[in-house]
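Multiple structures are listed underneath, in structure tokens.
One chain, chain A, links the two complexes that follow: it is found with chain B in the first and with chain C in the second.
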Partner chain A sequence: MSRRNIELLFLVIAGALSTMAYVSVYAGRFREINRVSIIYGLVFVGIFFLLHLLVRFVLPQADPFLLPITALLAAIGLTEIFRIRPSLALTQGQWLLVGAGLFVLTILVVRDHMKLDRYRYIMGVIGLGLLVATIALGTTVNGSKLWIHAFGFSIQPSEFAKLAIVIFLAGYLNDKKVMLSVPTHHVLGVPLPAAKYFGPLLVMWVLSLAMLIFMKDFGMALLFMSIFVALMYMATTRIVYVVLGGGLFAAAAAIAVAVVPHVQDRFGTWLDPWPHATTTGYQLLQSLFTIADGGILGAGFGRGFLLYANHQPVVPDLQTDFIFTAIANEMGLLGAAGLILVYVLFMWRGFRIAVWAPDGFSKLLAAGLAFAFGLQTFIILGGVTRLIPLTGITLPFVSYGGSSITANLMLVALLLMVSHRTNVVREGSDLERRRLAERG
Partner chain B sequence: MIDIVLLVLKIGILVLLYLFIWQVVKTAVATVSAPAGTAAPDVALPEGSRPVAVFTPAERDARREDRLTERTVAGEKLDFTGHIDPRLIVEQSPIVPVGVVFSLNGWVTVGRASSSDVVLDEHFVSSTHARFVPRGSFYYVEDLGSTNGTFVNEKRVSGEAQLKLDSRVRIGETVFRYEE
Partner chain C sequence: MNKAISRIFIVGVILFVALIVNLTWIMAVRAQWFADRPENKRGIAKEMKIKRGDILGYDGSTIAGSVRRSGYYRRDYPQGTLAPQLIGYDSVRYGRSGIEQELNDQLTGQSTNLGVQSWIDRLLGRKPKGADVQLTVVPAVQKEAQKALSGQKGAIVVLDPKTGALIASASAPTYDPANLEDDWARLSTAPGAPLLNRPTQGLYPPGSAFKVVTATSALDYRRVTPDTKFIDTGTYVVFGGKVTNYGGAVFGPNDFTTALTYSINTTFGKVGSLLGRQRLVSSMQRFGFYRTPPLPLPQGEIVPSGRYGKKGLLSPEAFMDPLAVAWAAVGQEQVLSTPLQMALVAAGVANGGRVMKPYYTQEVVAASGAVVQKAQPQQWLLAMKPATASQLNIMMQRVVNAGTGTAAALQGIQVAGKTGTAERGDGTNLAWFIAFAPAADPQVAVAVIIEDTQSTGGEAAAPLAAAVIKTALAQPSLP
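Coming up: the complex of A and B.
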């Protein structure tokens, strides 16, 4: 079976699952099954079918699993948002369309991701610019300054900055990896490369520190710092950068905990939420209770206890940061574990693409994107289950939020481009082969 | 009735979710080994084109010497050079194939800049890194203020150093052997 037919087959499974989930939510609420709920599933499948057609014609040799995995996650997310607040599901559906549009645009405009290597510094400037703009112009929501309100929309620029910074780092580190992997002098017994190659990386560290202090957002700072450390390690294979980066970030985090009250609150709540059960710990404890309430098999879509009689969700921010809580409640331990496995599949495909990629830039780009995606997932899942301090970051494709779904669809587009090019280089172009066969 | 439907849906969704995961893993693992075995098709050369002849360094040396030496009317070789044929032979390098010979004739500059006589496009080579200069009957290597230095027999050259037979000159990660 060709790659694209595999993709289509799995999209059909994802579509069936999304339709069943929606029917379940609808039936749970209105005690009936009607055509509307089935049409919903068809529309959803339709969007991804169009994306599939684009990939079929433009990137025929791309990885066949990424798009169905994306569809599955988006389906679960959209259904759960509909379950919690139907009006938001419509908005999210529109954002999904916008994201699909940007996905198409990314593929048609970029075509070959190797072009992006040439724009690496522009990408770096865009990434930095977005973050600085957020620090300067952003509004504070839930204690963190992550949002910019413009033209009636609220945008979360850090989601897009993530992509730009990964592209920049992949290009920059691929170019400078030799210099960075050979130490020329020692500081306190730690071998370090020449300062001029190290400089831009210190800038990244200072930036993530600034994010921590000015945006008061531990999650995004951790994400950016880790992307940078992980890419450094992947480019140079020198563990000293991981140790140094980890140490520097720990130091920064310690300072932030001591200085920034918001981060301090989050940290204290994480260590022991019970004394703050009615104040700062309320959200986290409600989340834990709601997850536990789901049991092994869950209550079923549309049947969990997620809303009070006045339609307020039992956990504040249920449709955004705490969407996993809602899913764990309705799909149970099995469903939640399955969802995490789907994320693992996504990362597996991403790293697979990186391992197979024929050149350094592609490898770093794919690995960086897969890593960023996986770490973001880990940060929020760890947060809502009290494994690590809670930070407001979206669960990719599932959480309510336009910036998140749009940026992550662009991330998938980039991964697909890398994987298409890899397969063309490794096995020759299908297109070329077909043309040769036709000629005889 | 509706409760039964909901229960079926609940179980069905979980089953479908795990079916999806299992099938992705199964299909992906099954297709992993397949493409690795199929080699890329050979590139067909257009008819009439011939690959360029490739000489081993020794052959090239021989040809060059042949061209340079003068002969008597009878065809015997006459050697007026007194065996002075200064040259650099690449001993190890990440970019230049080992065994390549650069013959030294007058001033020879080495650097990353494409205007150099010997272009070494690697990270640890400065754009104008060093030059080889004949003085009397000896060749000297001069470091032109390079960032990472020029080494003769692993000793960093400050200013200049005279080259002797079989001196090892290292520039960046490339090592040349000097012969005359």
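Coming up: the complex of A and C.
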């Protein structure tokens, strides 16, 4: 079976699964299935079918699993958002449409990700600029400054900055990896590269410290610092960067905990939420109660207890940061663990693309994107389950939020391009190779 | 480079496995623990989707009903404030109390003994339907008791001495259960403690009302007869201390009946000395002191009466010197009693010495209409011999006819009772009156307590008891 037919098969499976979830929610809410519900379902299926067709014609050798996984996650997210607040599902559906548009645009404009290597500094400036703009112009929501309000929309620039910075770092580190990995002197018996190559590390550290203090957001700071450290390590294979980066981030976090009350609260409630059950620990404890209530099998889609009599969700921000809480409650331990495995599957495809990629830039790009995706998922899932301190960050494709779904669809587009190039270079026909060369 | 990439992936997988392990811990291993945490109000909120059973009065009128609003049921109270401390509240924010908590399984239809239909519903995953609970509380009597208390602090308990049924249980100050959530901050900190269910949670020195217990003991152990002679000089010196009369009165020669009629402290002090600690405490125990009365209420909402020390209830064996015994026999010292316990004392005398098990559930009717539970009166304790009860009955009639309790006398109804005035030492009194009526064939037993008053039990409490007894005996039927 060709890659595209595998993709189509799994898209159909994902479509069937999501239809079941959607019907369950719809029937649970309105006790009937009507035409409108079917139209919404068909529009969703139509979007992903069109994306499949685009990939079929432009990137025929791309990885066949990423798009079905994306469709499944987006469907679960839309369904759960619809279940929590139907009006938001419509907005989210429109954002999915915008995201699909940008996915198409990314593929048609970029065509071959190798082109991006040439614009790496521009990407770096864009990424940095987006973060600085957020710090300067952002508004504070739930204690964190992550949003810019413009043209009637709220945009979370850090979601896009994530992509730009991974592209920049992949190019930059691929270029400098040799210098970065050669030790020139020893400190306390530890071989270290020349001090000037630590520059970027320090810049990144200052940036994440600034994010902690000015954006008051532990999650995004951890995400950016980790992306950087992981890419440094993958580029140089030198563990010293991980140790140093980890130490520097721990120091930054300690400073933030001491200085920023919001971060302090989050940390304190993570250690012991019980004394703050009605104040700062309320959200986390309600999340744990709601998750625990799901049991092994869950209440079923649309049948869990997620809304109070006044339609307020049982956990504040249930449709965004705490969407996993809602899913765990309704799908139970089996469903929630299954969802986590779907994310592992996505990560695995991403890292597999990186391992098989023929050149350093492609490797670092794919691994960086997969890492960013996986870590973001871990930060929010660990947060709502009290494995790590809670921090407001979206669950890719599932959480309500336009920036998140749009940026992550672009991330999938980039991974598909890398995998297409990889597969063509390794096993493609002469025709495909020639076409690829023309694109570059 | 590939090796490093693989390593990063493996670290990622380990982190995700940790997520699943932690999730299993929360959702499977500790799920029940989370469900049982008091901070977790999900259970209550979920049960709001169930049509909660009504709480009905003995006359069949609704005290706490259930109204549906946007898919959820909320309590409404068609009769307004009616025994809210006993009924309790049912709030998503503040949890449950009283009967709402105690009978929650029945009210939400989740009890296992609600009949076949509820089992079928459960097997089919249908939402359970709550069972209605009919109480023994008679709304007309309850309203009269609340009216009698209005503007004061105190409690009134009315029991059926022959069955143990709780006819009324009033606590003042009170509150409007419909506005509980809005008023919570004020109610939970108000100095008068309106949320406290005084009849079962309020502990007061029983004062001279306790003399009924002392008299029971003295007659039962044949230390005295109703005619035993005493001479009062205003002071009884014992063990280096003295027992004095209320207001410094001196009564001169008196017999035991007269001593109860006028509540002569010195005589009861002497009777206490004749009895000794062991017999007195043993009689207390046979009235129910030193144990939590078996009225089903949540933990902490009903407390035992008895001698209290700094660390709570003392053991019945705790040491007492002769002065302490003498004062305890008078009802002062360290004895504390709930209004319910004092009502049980009156009911015990009224019922020929047999103390019935107190209860408030008349009937539980499942949603299907089947009666799944019906009150079955049971004897709880035997407080005294029937002969003792007869003697005390006559002595307590004298209190109302010629003694300190004349304010409780009713036209055409012979009331038997005993007053009590416990001095708090801050210039205020606790006014008690315990009674039963009609004396020849007692239908109701009453305990009244008024806090923070300048008056005596005969002045402040006895008239309220009379009003409540009158209303109760005018009812077409009592439990």
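Heads up, the rule we're going with is that the second predicted complex is superposed on the first by the 421 of 440 C-alpha atoms of A that agree within 3 Å, B and C clash if a C-alpha of one lies under 4 Å from a C-alpha of the other, contacts with A are read in each partner's own complex, and residues count from 1 in each chain.
By our rule, a contact is a pair of C-beta atoms (placed from the backbone, for glycine too) under 8 Å apart; a residue touches a chain by one contact, two chains touch by 3 or more.
All values reported here derive from a predicted model rather than from experimental measurement.
After superposition on chain A, the partners chain B and chain C are accommodated together without colliding.
Once the two complexes are overlaid on the shared chain, A:Ala16 sits against chain B while remaining clear of chain C. Touch criterion not met for A:Pro261: it reaches neither chain B nor chain C. Between the C-alpha centres of chain B and chain C, as viewed from that of chain A, the superposed structures give an angle of 150°, to the nearest 10.
Residue contacts after overlaying the shared chain place A:Gly46 against neither chain B nor chain C.
Looking at the shared chain after the overlay, A:Gly101 reaches neither chain B nor chain C.
With both structures placed on the common chain, the touch criterion links A:Gly247 to neither chain B nor chain C. Of all Cα pairs spanning chain B and chain C in the superposition, the closest are 8 Å apart. Chain A residues in contact with chain B (one complex) as well as with chain C (other complex) are 332, 341, 348.
In the complex of the two chains, the chain B residues touching chain A come out as 2, 5-7, 9-14, 16-21, 23-25, 27-28, 31, 35-36, 38, 40-41, 123-124. Residues 6, 10, 13-14, 16-17, 20-21, 23-24, 27-28, 31-33, 64-65, 68-69, 72, 176, 178-179, 182, 297-298, 300-303, 331-332, 334-335, 338-339, 341-342, 345, 348-349, 352, 423, 425-428, 433, 436 of chain A are the ones touching chain B in the complex. Chain contact summary for the complex, chain A toward chain C: residues 230, 233-235, 237, 274, 277-278, 285, 288-296, 305, 308-311, 314, 328, 332-333, 336-337, 340-341, 343-344, 347-348, 351, 354-355, 360, 363, 367, 370-371, 374-375, 378, 381-382, 385-387.
Put simply, chain C touches chain A in their complex at residues 1-6, 8-9, 12-13, 15-16, 18-20, 22-24, 26-28, 30-31, 33-35, 37, 39-40, 42, 45-46, 48-49, 69-72, 74, 92.
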